[in-house]
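Questions regarding the structure given below will be posed in turn.
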Amino acid sequence: MAKFQCLAEAVAENLKDGDSVAFEGFTHLIPHAVAHEVIRQGRKDLTVMRMTPDIIYDQLIGMGCVEKMIFSFAGNPGVGLLRRFRDSLENGWPLQVEIEEHSHAAMANAYEAGAAGLPCAIFRGYRGAELTRVNPNIKFIKCPFTGEELAAVPSLRPDVAVIHAQRANAKGDVFIEGITGVQKEAVLAAKRSIVTVEEIVDDFGGISPNATVLPSWTVTSVVAVPGGAHPSYTQGYYGRDNAAYIEWDKVSSDRDSFTAWMEENVLKQGPEVFETRVAHLKNAG
Amino acid sequence: MAKFQCLAEAVAENLKDGDSVAFEGFTHLIPHAVAHEVIRQGRKDLTVMRMTPDIIYDQLIGMGCVEKMIFSFAGNPGVGLLRRFRDSLENGWPLQVEIEEHSHAAMANAYEAGAAGLPCAIFRGYRGAELTRVNPNIKFIKCPFTGEELAAVPSLRPDVAVIHAQRANAKGDVFIEGITGVQKEAVLAAKRSIVTVEEIVDDFGGISPNATVLPSWTVTSVVAVPGGAHPSYTQGYYGRDNAAYIEWDKVSSDRDSFTAWMEENVLKQGPEVFETRVAHLKNAG
Amino acid sequence: MTNFTPSEMMTVAAARALKNDDVCFVGIGAPSAACNLARLTHAPDITLIYESGTLGTAPNVLPLSIGDGELCKTALTTVSVPEMFRYWLQGGRITVGFLGGAQLDRFGNINTTVVGDYDNPKVRLPGGGGAPEIAISCGEIFITMKQSLRGFVEKLDFVTSLGHGKGGNDRAAHGVTTRGPTRLITDLAMWEPDPVTKEFTVTSLHPGVTRDQIRETVGWKAKFAEDVGETPAPEALELEVLRDLHARTKAAHEGK
Amino acid sequence: MTNFTPSEMMTVAAARALKNDDVCFVGIGAPSAACNLARLTHAPDITLIYESGTLGTAPNVLPLSIGDGELCKTALTTVSVPEMFRYWLQGGRITVGFLGGAQLDRFGNINTTVVGDYDNPKVRLPGGGGAPEIAISCGEIFITMKQSLRGFVEKLDFVTSLGHGKGGNDRAAHGVTTRGPTRLITDLAMWEPDPVTKEFTVTSLHPGVTRDQIRETVGWKAKFAEDVGETPAPEALELEVLRDLHARTKAAHEGK
């Protein structure tokens, strides 16, 4: 059964130094509030994974929390490159991050296989692609019926999955809608999970009989953090803060402005700040 | 783009002698009306597949339409055995049906792999189960990362998928909700598909952003057949005719009563009869 | 003491074996009655899952079939069948799975496929359905079956689903890490596998049942635990809830 | 004739290459503008799919990112990302996929991974994302990129996604049965692969562009088809619809 907790407690109890962690979200519902709490608590040596690591991974890397990153597309979506990630990879600042790089199809299949309790995923992929040369976790197997060669990757089974969702009900079941990405798979593939939500309601009311719902007993910790996805968005609540993504390109462009921004906007703040950050975006939800 | 057709046309154009056909449905939304039309048109030598072949497969087999059946559970759900299927297998009446037998997990994975365009599915299954001795389409492969042995089955890719759904819109997109079984996978895995619906509406209105919808361009033929799932049910429209399932046990118990029943209730009827058959079940929908 | 039938005793005993935090993969018939009886008595938060895709369902009447609308309408949510078998069953999320069948052997292996030869069947049964993977993927398996010489056999005609195989460590030798059949709940007794040989052993007789009745309804030489207790008879509340459930179910299935 | 920019020419030319019954896997940037321009002009029924899971979307403003809410709100439905890559892309349902990148070679192979050595990068780029499988699973690939010596290179630093490999039958030798890059649409010209060698060849110059301009912006010896035509300039309606789309997009992204 999911435990209702405050954010500091949820992170302290469930996310340890050295853990492998998926902060998932596909543009939508990215769990910024949890990542900031992880940075405040000074976690180290994390193996982070995500299909589309963006600002929060830039921040986690820049703050020295990350030892290794498993990913398929590391960019500031619609804006450009991730400058803290680049600085780590190109110059080793503040640490040299180890990378394991895949394609989107590989990562999506690997989460799916993790949720399904399998050790690996197979798919038709990577033909003629050079990642096969640099990533030993890409192999090929033969279909036992047709002889076709198919790509295989190990399933992704993080210690902790972190996601943001629209609502939890009083039992701790979690409801997600809109672009759901690989979040359900990440939670089901993980040993533990932290889910922040916009609100906790008595019950979900008239949702679809086939709605995406994570039963309470598949979730470890539920935390209400209104606005917790900012500058990402939560469909039905607030729109994406595109200006913040564009601003990040500048903030992250050098080490000093990055460090100052993190001090001011993350280290000195708490989760309650997120609600105020989305106030002007409510109409766009 | 889906074509709107009448049932006789849809079957005549899309379902030929010798085809492999999945009439899918998992208790809910079983496409009885199409199966009856197939029987009326006298199709022969079909390879039929379904996880849970029930009355319609008993009828198709009893009427001599079937050469081979791929399945995982052949019973009259909640009632008992399939007597026409047994008569075929045990006594060769009217024909000896060839069988390829799997578990539910295997069939579900095989449809999923078919929808995903893969030649095979892998899963953790069949350990210690004797179907591996009698079905050459069950093999085992080794995970290239862990060495674990996993079961493999060929994907299911029927010539034709036949399903029943709640609604189509004016473009021919198809909306399904409730127990959706493997119907979406069956349609996406098939070369052609026939979808009967309770009604055709202008648009779907306020459905979930994540509703199960088959885009028009994935469907070959859409036919409005109100009540077309009877004696199965259509959630939101009418309930299951449990009495009819219980009655079938008696009807199918001998060859003469079966033949007479089929003559009266299938050969002499058309698709319009289904609407009248569900009239008394509307409250239970 | 209230009167009760052997069927009722079996269902009540199975219900009692379930805990409030169990996640059950429910089959039609006795398991469905037992799981819902548990939910309506001592285990209100138990999670019931039917292979048709319904997660966390709470039917008011028992389903006639595994995919009745009642299951979907009362469920937390309903997923596709491929997802059910991949994420929920194979994903290792089920604590207790129920199985039964036409034939059972002393090690909890089950046949629901065929009586006679597979290629030349005497009676063609429905087949395995979900059983081969339920048997290996659930944390443990409860078997509910009425005892009879026809059903409790020395040797299965066909092994549809694995129990403890040939006994001892044979289950593990098949690469299976789950516990397998931990309870056999019949109309006459409670059985548990011997810790070493894994052969089912009677641990408790239902009220009024004799050892001879056990021996006469089992096609192998039945073994008894050192201490064989008596199963507590169904309590008045258990029977009342179970009978109400069956009455509602009968009314619903006959079209009210 | 209306004035237009090379970017506008590129987008209009890409839009024209799309048909009403195409199913497009759309990327952010130029492909998104081209696909939506096609939808708003000659191909109203075109199906647009973004890898975030949105099927049949019709955004009123262009998304800044692949998963903007606008895409979901205007979609027929939105599926999970694993389903997107399994059923929709790998399932072979996409007729046209768009790709672009930091580096392109004459055979349509693309690098979006790294400039310099993989283990010791000069510039670490975002990586492949969906490209490795988009490149092999879509019926055909349209590449849109602005010509430059930095981008159009003799040899890629890294092959993120397969085009025609080393040319000729090399693509098929990799076990790939789809057509691969069939068009390269730049700010200066239209290119198509030579039927035999599979090297990109200029088939049409955009209005006012010279052969020298092509040669000066390509890091290999550019080839020209026997008949090189002139791309028809954007029509007034095309420009109007495109500029309206960009204006709406700009207003929306700046917070109206």
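Order of writing sets the chain letters: A, B, C and D. Residues in each chain are counted from 1.
Here is the rule we use: a residue touches a chain if its C-beta (ideal position, glycine included) is under 8 Å from a C-beta of that chain, and two chains touch if they have at least 3 such contacts.
Note that this is a predicted model, so its numbers are computed, not measured.
Taken together, chain A and chain B share the touching chains C, D. Touching chain A and chain C at once are the following chains: B. Looking at A-D and B-D, the interface holding more C-beta pairs in contact is that of A-D.
One simple way to say how far apart two chains are is to compare their mean CA positions; for chain B and chain C this gives 28 Å. Between chain B and chain D the centroid-to-centroid distance comes to 40 Å (mean Cα coordinates, whole Å). Centre-to-centre spacing of chain C and chain D amounts to 57 Å, using the average Cα coordinate of each chain.
The multi-chain contact residues of chain A, meaning those touching 2 or more other chains, are 112, 116-118, 123-124, 148, 178, 180, 185, 209-212, 235. Residue positions of chain D touching 2 or more other chains, listed in rising order: 72-73, 78, 86, 90, 137.
Applying the touch criterion to all chain pairs gives A-B, A-C, A-D, B-C, B-D.
Of all residues in chain B, only 116-120, 122-124, 137, 139-141, 143-146, 148, 150, 152, 154, 177-178, 180, 207-212, 235 touch chain A in the complex they form. Looking at the complex, you find that chain D touches chain B at residues 21, 23, 47, 55-56, 72-73, 75-79, 86-87, 90-93, 137. Contacts from chain C toward chain B in the complex involve residues 28, 51-54, 63-69, 71-73, 78, 80-82, 84-86, 89-90, 109, 113, 118-119, 121-133, 135-137, 158-162, 165, 171, 174-176, 253-255.
Residues of chain A that touch chain D in their complex: 26-28, 51-52, 71-75, 77-79, 81-82, 85-86, 89-90, 101, 103-105, 108-109, 111-112, 123-131, 134, 148-149, 178-182, 184-185, 212, 233, 235, 239-240, 242-243, 245, 280, 284-285.
Chain contact summary for the complex, chain A toward chain C: residues 1, 112, 115-118, 173, 185, 188, 209-213, 215, 217-218.
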